[in-house]
Every structure is written in C-alpha cells, then in structure tokens.
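Report on one structure; see the data block that follows.
Read from first to last, the chains carry the letters A, B, C and D; within each, the first residue is number 1.
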Amino acid sequence: MSSRDHTELANPFDRSSVSRRWWLLGAIVTIGLLPLVFQDSYWRTNLIVCALNVMLAIGLDFILGYAGQLNLGHSAFYGIGAYVSTLVITKLGLPFWVAFLCGIVLAGAAGMALSMFAVRLRGHYLAIASLGFAVIVHQVLVNWISLTQGPLGIYGIKPPPEIALPGLPVISFGNSANMFYLVAGFALLFYVLLDQLVRSPIGETLTAIREDEVSASSLGINCPAWKVFAFGAGSAVAGAAGAFYASSVGTLVPDAFIITESFTILAMVIVGGMGTLIGPVWGAILLTVLPEVLRGFGDLRLVLYGAALTLVVLFMPGGIVQAAQIVRAQFDRLRARLEAG
Amino acid sequence: MTISGRVAGQADGRRNSDKVLFRSKSLNKSFGGVHAVRDISLNIPHGGVFAIIGPNGAGKSTLLNLMSGLYQPDSGTMSLDGVDLVGLKAHRRVRLGLARTFQKIRLFKHLPVLDNVIAGFHIHHDIPAWQYVLQGTAFRRDYARCRHEARKLLSFVGLEERAKARAGSLAYGEQRMLELARALATSPRLLVVDEPAAGLNAAEVEKLLDRITQLRAGGMTVVIVEHNMDLVMKVADRVLVMDYGQYLFEGAPAEAQVDPGVVAAYLGA
Amino acid sequence: MKTRSAIFCLGMVAILGMFAVANPAHAQDKLIKIGGLFPMSGPGAYFGAQDKQGIELAIEQFNKAGVNGYKLEVKFEDSACSPLPATQAAKRLLEQYKPLVVVGEECSDATLAVMPVMEQAKVPLLNAGSSSIKITDPGNPWTFRIMPNEVMQGVDIATHAYKRLNARTAVLLYENTNAGIGNAKVFGDTFKALGGQILADIGFGRDVNDFTSIATRITGLGKVDVIPTYTLEGQGLRITQALAQAGVTKGGGGQSIQLGTIWLPFGFEQKAGKASLGYVRIVQFDPTDKREVVQDFIRTFKAKYNQDPTHINAHAFDQILLIADVVRRGATDAQSVRDIMAGTKNFSGVTGSVEFDKTNQNIKMDTIHYMETLPDLSWKALGWN
Amino acid sequence: MSTVLLQQGINGVVLGSLYVLVALGLTLIYGVLVQINFAHADVVTIGAFAAYFFTFTFGGNYLASIAVALLVGAILGWLVNAAIFAPLRERGSELLPLIATIGVSVLLQNVMLLWFGPIPYAFDSPYSNQVIRLWGGTFITGQNLIIIVVSTLTIALLYAFMKFTFMGKALRAVAQDRETAGLMGINPNHLIMLTFVIASALAGMGGAMLGPILVLTPFAGTTVIVKAFAIVIIGGFGNVEGTIIAGLLVGLIESYTTQFVNPGLIDIVVFTLLLMMLAFRPTGLIAEKREENV
C-alpha cells in the first residue's frame, strides 16, 4: 500500500475506506431487514418508492451538487427510462434486462445530448433549458399516442422476470419484498459507483468545475466534456429508476413525469444536503415518507410540505447533512464540558 | 531575447528559434470599439522571468487571456514550443505546459486548501478509467502520490499548515500563494502570473518574488504581468512595456526605466 | 445565526407536534367501513372536494337510523388523480383502515392502476367517475362502475347527433387526457361509421388558456353541425364563450350545436350565460327529475352545503346509496358486498338506475339525460333515452 | 381564409400581451438580481383572485379591481423579497432562492386551495362577452381590447420610468453592472425591493386581466409561468425590449400552431424554439454583450 511510502501523510484514505466498508455492510443489512419490518404492501410500496427516489436524488446530485449544473428537468430522464424500457419490451419483444439497459443508455444519451446542446449555458439559462427539455419530453409522451399511448396510458406492465437459479428457490419480483431488494440493491449499487467516482479525482474535477469554470479550465480541465459526462451519468441513473418505476408500478402515464416531479427530486437533494451523496439519500427518504405520514393532515399536507421546504432553504441550506453536523458539534461540546467536569 | 513587431530586436543575438518557448506574431483583440491588444508580437525564451508591464488598461491582462486561451485573438498567431495555439481551448494549452494565475483570485473557495492543489493534478492522472470505479492499487498509488506532491507544493508556498482550511477562509496573501501552488501542480513549462503583487503587503511580495526566483532557478519560464514597474525590476530578465494595447518598449528592465516613452506613459504625460 | 436556528427548531417541533394530534383511533361495533379514494390535492382536487360532499351527506343520512343495524363510516385518502399515488393510497387504505368496499377514483388512469391492488386484496371497488372502457372491458370481478363508459356514451351521443340533430359534420374538441381522447375517439368512430364527417380533431392540454384561436380555426372549416366537447367545467366554460364570440355556435348567432358530456355540472349555463344557448348535452344528474330520491337529495344537499349539487356530488351520493342498499340486502364482509353488488338489479339512485352486466358495468342508460339549453338558460329535457 | 389568418394574428397579439405582462416582471427581477422567481406565478393567481373578490364579493368595478390587484401584487412582492430573497442574498447562491421560491409556490398554491377550493371560479368581466367587430370580419372581445390597451399603457409607463426617472436609471444601471448602483449613491437593497414591488405589481395586474380569460383555480398562474420563463429566455434574460418581442412572438406561434397544426403541440413548438435559441443565440433576440472580467 503506497501510503507506507509516504508515512508523513497520515493518509485519511485507509481509515475512511475501512469505515466505508462498515457503512456499506450496515446499508446492506438495513435493506435486508426493512421488508421484514414492514410487512404490509402499503409500506413496502413506500420502500420501493424510497429506493426509486434515492436513485433519482443521487443522480441529480451528481449533476447539480458535484458538477454544478442547474438541472430542472430530471423528470425527463426518469420518464425516458420508464417509457423506453417499457416500449422495448412491448414493441420489440426484448427481455426485461435488455430493455432496462436500453432505458439507462437512452436516458443517459438524452442527458448528454441536452448537456452538449446547452454546453455554453450556465446557471439559470441551463435551468430554463432543462425545464424546457422536460416540458418537451412530457409533451412528446402525451402527443405521440401511436407509440406511447399518450394519456391513455400503458397498463399491466409486468415486473422483471423471475430469477430461477438451480438449487435455489425461484425469486419472483411480483413479491414486493423481492422487488424492493432489487430496486434498493440497484440504488445501493449506483450509490457506491457514484461515491467511488466522487472520491476519485473525477470528483475533484467536477467540484472544480462547479466552483469556477474559468479556473478549472486553467488547470487543463475540459469543462464541457466533463459536464456532458456528469449529465450523462446522472441521467442514466434516473433512467434506471424509470425502468424500475414502470415495472414496479405497472402503469405508465405521461403525467407521472411532469415537470413538478423534477422540483420534488430537486427538493430531496436540497433538503438532504447538496454536494454530498449521503444527504440526498436521506432527503429522498424523508420527502417520500413525510408526505405519506402527513396524510393524516389531509388538505394541510402540501401546505406543510411547501413551508418545510422554504424553511429548510432559509435556515438550514445545507440540509440534513448540515443539521447533523450541528447536532454533532453540540454533542461534542456537551461531552467536552462533561469531561471537563 | 525577445522580438517585437516593428523593431524586431535583431540586436539581441538570442533569437535562435529552438530557444524560444512562446512566440506570437501580430496579435489583435478588440472588444466592441476598444482595441485592447494591437499588433503585439513577442518571443519568450526558455528559462528566465519575462515581465509584461504597463499602466492600468494597457491591455496586459487581455494579452495574457489570449495566451492562456480564455479569449481567441481576432488575428495573429501564437505558438508554444512550436505548437500552434490559435484556436486551441484553454484546457488544451495546459497540457502543452502553459499555466496561469488570475488577477482577481479565482480559487475553489469552498474546497479545502489541499483539494485546490490536487485539482491542479488533473492532467497528470494516468491510471485507466476503470480504476476510478474499482479503486485498486494503481488508484491508491496515484491518490497517495497526488497528496504527497500537493503537500510538497503547499510547503513550497508556505501553506502546509493550512491544508485542511477552506480556501475561502485564507488571508488574501495566502490565497495568492495557494493559486500559485495550484498552477504549479499542472507542472508548467511556462507559468503566467497575473498581477501577483496586487493587494499584498511588502513582506508577502517579497516572499512571492522569492518563490518565483526559485522557480526560475529550477528552469521554469515565468511570465509576470504587472503594472508596478519597480517590482519587476528585481526579478525580471526582460520586460515588454505596453500602453493602450500597443507595444511601447521591449528590452532589459534597466533600459526600460530610462526609456522616455515608458517614463511618459507611466507619468501619465 | 442562533436566533435563526432557534426559529428553525421551533418550526420543526411545531411540524412534528402536529403529527401527534393526527390520526385519532376509532373503535365501534357493527360498522361498514368504506374507503374513499379521491384526488384531494393538485388540480384533480376539483373532483375530490365534490365527491367528499356527496359521500358525507349520504353517510350522515344513513347513520341517523343505521342500515340493517350497521353504521357506515368512510375514510378518504388522497389518490391525486395519478397512478402511483393512487396505488399507494389504496394500499394504505387496505392495510390500515381495512374497508369492506372502496369508492373512487375519478381519473381513469388512477382507477386502472388501483384495480389490480383491489383485486389482490379481494375488496370491491365501486367507481362512478372514470369512463375508460378498459375499466370494465375486460375489467375484473372486483371493480364495478355505475356510470356509462366512454363507448356507451360516445355511441349514444354520436347516434343521436346523426339521427335526431341530422348532423353530418363535426369538429372534435377534447382535453388531452385519458377520458378526453377516449370519448372523442368513440364519438368520431361512430359518427364516421354512420356516414358523418369529422372536419377537425383538436386536442389540447389542460393548461391551454386561450380558446379564441381554436374557435377561430373552426370558423374557417365551413359548415360545422356539431362540436362534441370533452372538457371539465373550467375550460368548458371558456370554450363555450369563445365559440359564441367567434360566431360559431347558436349562442353567438352561428349554426353549430355544441354537444357536451356528463362532465359539466348543473349551473354551467348560468356561468356561461347566453353563449350556452342551444348547447345539447347529457347530464348524469337531472335536478328537474321529479323522483323523490332526487328531490330529497337536492333539498338536503342545499340544507347542508348551501349550494346546488353537481353531478359529481350526485354520483358520489349514489355510490353510498348503492352500498347501503347492498348492506340492506345482507352484505357483511368484502366478499358478500361484491357478490350482492354484482347481483344488483333495479336499484334506483339519484343519477338513475343500476343493473350490472357480467363485467360489472352498469347497463342502464337512464343515468344519462339529454338536455338542451334554452334562451332563458333553463334546461329542456330532450327525452332521447 | 384570410380573415381567419388575420384573426389568428389578433388572437396571438392578445395572448402575447398577456404573456408579456407576466414575463416582464420575471425579466426585471432577473435583470437586477439574477434570480429566478417561481412564486411569480402565484402572484398572478392571487392578483386574479383579488380582482375576482373585489368585483363579485364587494361589488367593485372591474377596472378598479385591476388597480386593487396591482396593489395586492405589490404587497406580495414586498413580502416575497423581504422573506425569501433578502435573507438569502448574502449567501450569493443562484440555487437556494430558486428552490425557496418553489417552496413558497407550493405553499401559496395549497393555501389558496384550502381557502378558495379547487372548483374553477367563473370570473367574467363586464367586457368578457362584448364582441367588437373590426375590419374584414375580424373581431376582438372587450376584455381582450382592455388587455392590449392596459398592457401597452403599462409598458409605456414602465419605459418612461426606466428612461426618465432617477430610480429607473439606477435600476437599469444595476441591471447592467451591479457595482454601479453603489457609485450612484443608492442603497442596492432599496433598488431590489423596488424591482420586486414593480415586478409583482405587474404580475398582480396581469392576474386581474388574465382572470376573465383563463380557468381561475389556485393553479391558474402555473399554466402561464413556464411559458413566461421561455419568453424571458427567448427575449434575453433581463432585456425588456426582447421580452416584449418574444412575448408577442410566442403568442403568435400559439395561435398559428392552433390554426395549422394542433393546440396540443404548442408547448413542443415553443420550447423547441427556446432550445434552438439557447443553442444558437443564447444572448436572446436582442443581444446585450456582457463581458466577463477575469
């Protein structure tokens, strides 16, 4: 291990990689236990939706929080993934996993195309361009009835095919627990992939672009190319979420991918803490579960949701991650005081 | 040593092309009605400190932005070590060995000091792409090497203690030094420093000049863009004086100080 | 910073505190639990708010005396007029409230998405407001619909337009939704099959604001006999006004007759004013109907809400009426509700009578009534059914 | 057919004027603050409701209700700025205020849903059903004529304000270079406040005039806002003349798309134009060169 060559470096790498392994194990165990804790199909659906939203949020965060690209059209890639994967099955008769891959690839390609198209744009221009892109995608889904069925919708989409390994019981994804394991497994996979990327020099490159493009290019960073890369990667993850959306909900209508869906995903990233990967995970979970828990409030539900989003931005712009840091700092101070007597 | 458009300093015997690192011919750049750089030709030799000076608004920064690729010239040619630069994007020029700092400091303010420098290693990661995802041995070696090199650079500019601080929290003088370290991380052959003394106190200027001298001693070519003539006199081997976007004088620093045209420009005649 | 975090914490505590007061538990014997799946948020709340009124009125009436010794209870969940929220709401109802029967949704997409969930849970779903043919064709044994579907409505309207109004040319106007497209298509197909001609097929989003352009386009199409229009009340009003202003319809001195669906409420004419003159439409709820059940409904509704009931209020009311009838006929659990409901014959509600076919589609067409708007904005019942 | 084409032109101009009123506020705010305000849509809606209640509940005159809506909009603008933008300004983020306004927008929409209910209000002004015959068989409704007249007057007033008053000049100066304002001896916070008040007053007034045209529900403003953003971009962010031209252009595109293609495709046409614009002419219809100081 090379850190031994530079012993003076007190390399944080080893320590963090060990603790990351524990975190990963913890995450796997949690995912494994969740459907056992939540037995009813309502909560299991919520679990699946949580996992879908986690994918969407980390994908958007990669684009927004790391590469600094103001993407307000994430719902478009979600929708592309959902429709492409479904249509590849129904129109071309290809197996689910091929369709799944097509969904990812096309969503990623759409993201890259938008990014290339808007490569000269920054900040709000990109925000509105991506918003416009999402409107176009939604309207194409609505109007291209011969292909997408438009608002008539596609129903009875089957879950992914059963996995029958010799010697093991057949794994059917009609079972909500198995479906959750599948979606959450992929969410975790994408999380780990993106996490590896942001911890590699690619992460440094992207944050450099986010912080200052002129400066970044003065260091030899090809900003347009990396932005296209980030957009492609983030939207490909959204495409995967879309494919799972279709196969777990079973119904597709264009309005599921309306632009306000982009705002919801954005809110997850912000509430969780932009520019960290773990933040959006918590943000996605919170903003999926919170509206469900708030159902008791009936009409007040979305009022509270809007108020909470505004309050977070005003008073806790770093989101849950910042809140956690503050709590930890308070805790440390308290402990220090106790230890001091 | 340097040759400019009309005078074409043939008197200087060192116009041997293989000794010239950066060469430009008749560069022009206008913004709207302002002719910011007019017909500038210069040859910067390997090694040494080359200063571009002139009063505020003389077009120095525009010239520098043309060199670094932030702007493209309206006309004229440029080359670095024989490679044509015109049309080449800024990030491509870095790979040819051209690095710069900025007049208005442009650090990655929200990132730690160390990460600012590490970002400068962007063009020097040579591990295969899959290593970024799997993070195997090669990746870890690269990771440790970058951190090691970055700390060396930080200690070169005297910031090793501040490695974990946020770049935006550094004092102004420290930020300048950090920007220098970051530019050095790209391992440039030609380092362009824009107004390095702006906003620094005397001690900080001294320290900065000392580092530049060290870099020159190490064989690096340094271009300093500066409006303060006294400052460059100490370190520059050669100066180009500009005014209103035009060539005014080019030669040894001592000669510049007595050149009537230069004096007039500086005294605002 | 300190005060800010203090405010933030207070805000969060307030929000959390509100959780605690939510969801008080109920416990009661001899209860028929009814789940209500309706859009309560977003633009679809238009339906949910009215459904809720009708249902609550009906429940209040039945609980005065009880039905077969049972009391009725309803719990609403916001299904947001959209597949995923609707399935989530349905699952939540089924898991946590455990109803014997569920009423709703209004939007066809949401209803279609909920159906397999209900089938799996073996709890009947009673629908009144979704018109998509797919809900009952093929449908499933657990889904019932008391409203005529898009095919029944569309064939009927197109036939009457061709035969009674002698219409030969038509322009289709519809919102780009499941129901809009579906209904317009059935009308178009039937009308063409009869020998009529569709001059233009104009679909638009629910966010279209200005209908003058659409009306203008129709002025350029020559002689248009009928304009079947499939929109909700809000856009419907603007379309009727725009068509009159452009001089297309009778209300604006033109020749065309607008044909309307059951989507428009009673009182539409009063809002639209003179522009609605000559408008021929079907209504699911006819307030001029002299039957006692209708007049009682109108009276009690006005007493409770101080406003005129709409067709949505009425069909929501009927859903409970039918469930109460099923309970009266001896249903005690989800299975018996389904079985007894399937055998419904000659049930008479506010919107008309109900008799289910094999696919659980109500085959009675007397739930729709043809009306024409007169110059004093009152209705003339056309008695075509 | 030529009557129809001419009529569609008139329809497009009417619609365009409405869009301009909404988009102008957005572009003013962008010019001065470089911020996007999603809550602008809800100011439009609230303006429409204010006008409705003033006319129908309190029996006021419809034309007076336009002034009421203007006032309500101005107050809302002041509130939104004081509550959201002012506290966030020091953070210098382009994203946070945007998200905060999305939050405010959700909040306002659902508060309105609680108060006003989801059932569309039949908001007809006394001029809604007046048809004024014009040349060649074309017509315009009284309401639309009011829209065009009031929009033109407002735009002219705004223009005069920007051109001839000190505050107006200062506003333009800030829009071009934010540091200049300080040099002119004006508190930039006051200027920003003024911008918000003007922009939201325009939105409120727009609401009062839109009310009798669109379907008045708590979500009415949102149907206009996304298109207003497109107009702001097509016209060039912060560019008043560009916004006016772009607004009219989009209005005309809508009416002619309805005529020749299908109203369902309007959004696709408008937003494709937007993307084309961004790709090939990102500075907008009327270029305004801003150089980055490095």
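Keep this in mind: a contact is a pair of C-beta atoms (placed from the backbone, for glycine too) under 8 Å apart; a residue touches a chain by one contact, two chains touch by 3 or more.
Worth saying up front: this structure is predicted, and the values here are computed from it rather than measured.
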Co-neighbours of chain B and chain D resolve to A
Shortest path length from chain B to chain C (each step joins two touching chains)
2
Compute per-chain Cα centres, compare each with the mean of all protein Cα atoms, and return the closest chain.
A
Remotest chain, chain D as reference, centres from CA atoms:
B
The distance between the C-alpha centres of chain A and chain D, rounded to whole Å, is 33
Approximately how many whole Å separate the CA-defined centres of chain A and chain B?
41
From the C-alpha centre of chain A to that of chain C, how far is it in Å?
37
Per-residue overlap in chain A, given as positions that touch at least 2 other chains
139, 142-143, 214, 299, 301-302, 307-308, 311, 314
Touching two or more other chains - residues of chain D
110, 113, 262, 264, 267, 294
Any chance you could list the residues of chain C touching two or more other chains?
41, 176, 205
Okay, in this complex, where on chain C does chain D touch?
41-46, 48-50, 176, 202-210, 212-214, 216-217, 219-220, 232-235, 237-238, 241, 244-247, 252, 271-275
If you look only at chain D, which of its residues touch chain A in the complex?
30, 34, 36, 84, 87-88, 91, 93-100, 102-111, 113-114, 226, 229-230, 232-233, 237, 262, 264-265, 267-268, 271-272, 274-275, 278-279, 282, 292, 294
In the complex, the residues of chain A that touch chain B are 1-3, 5-6, 9, 11, 13, 193, 196-197, 199-202, 204-205, 207-208, 211-212, 214-223
Quick check on the complex: what are the chain B residues that touch chain A?
68-70, 89-92, 94-95, 99-100, 102, 106-111, 115, 118-123, 125, 132-135, 137, 139-148, 151, 182-183, 185-186
The residues of chain C that touch chain A in their complex are 4-5, 7-8, 11-12, 15, 18-19, 22-23, 40-41, 76-78, 82-84, 87-89, 91-92, 94-96, 108-109, 112-113, 116-117, 132, 134, 176-178, 180-182, 205
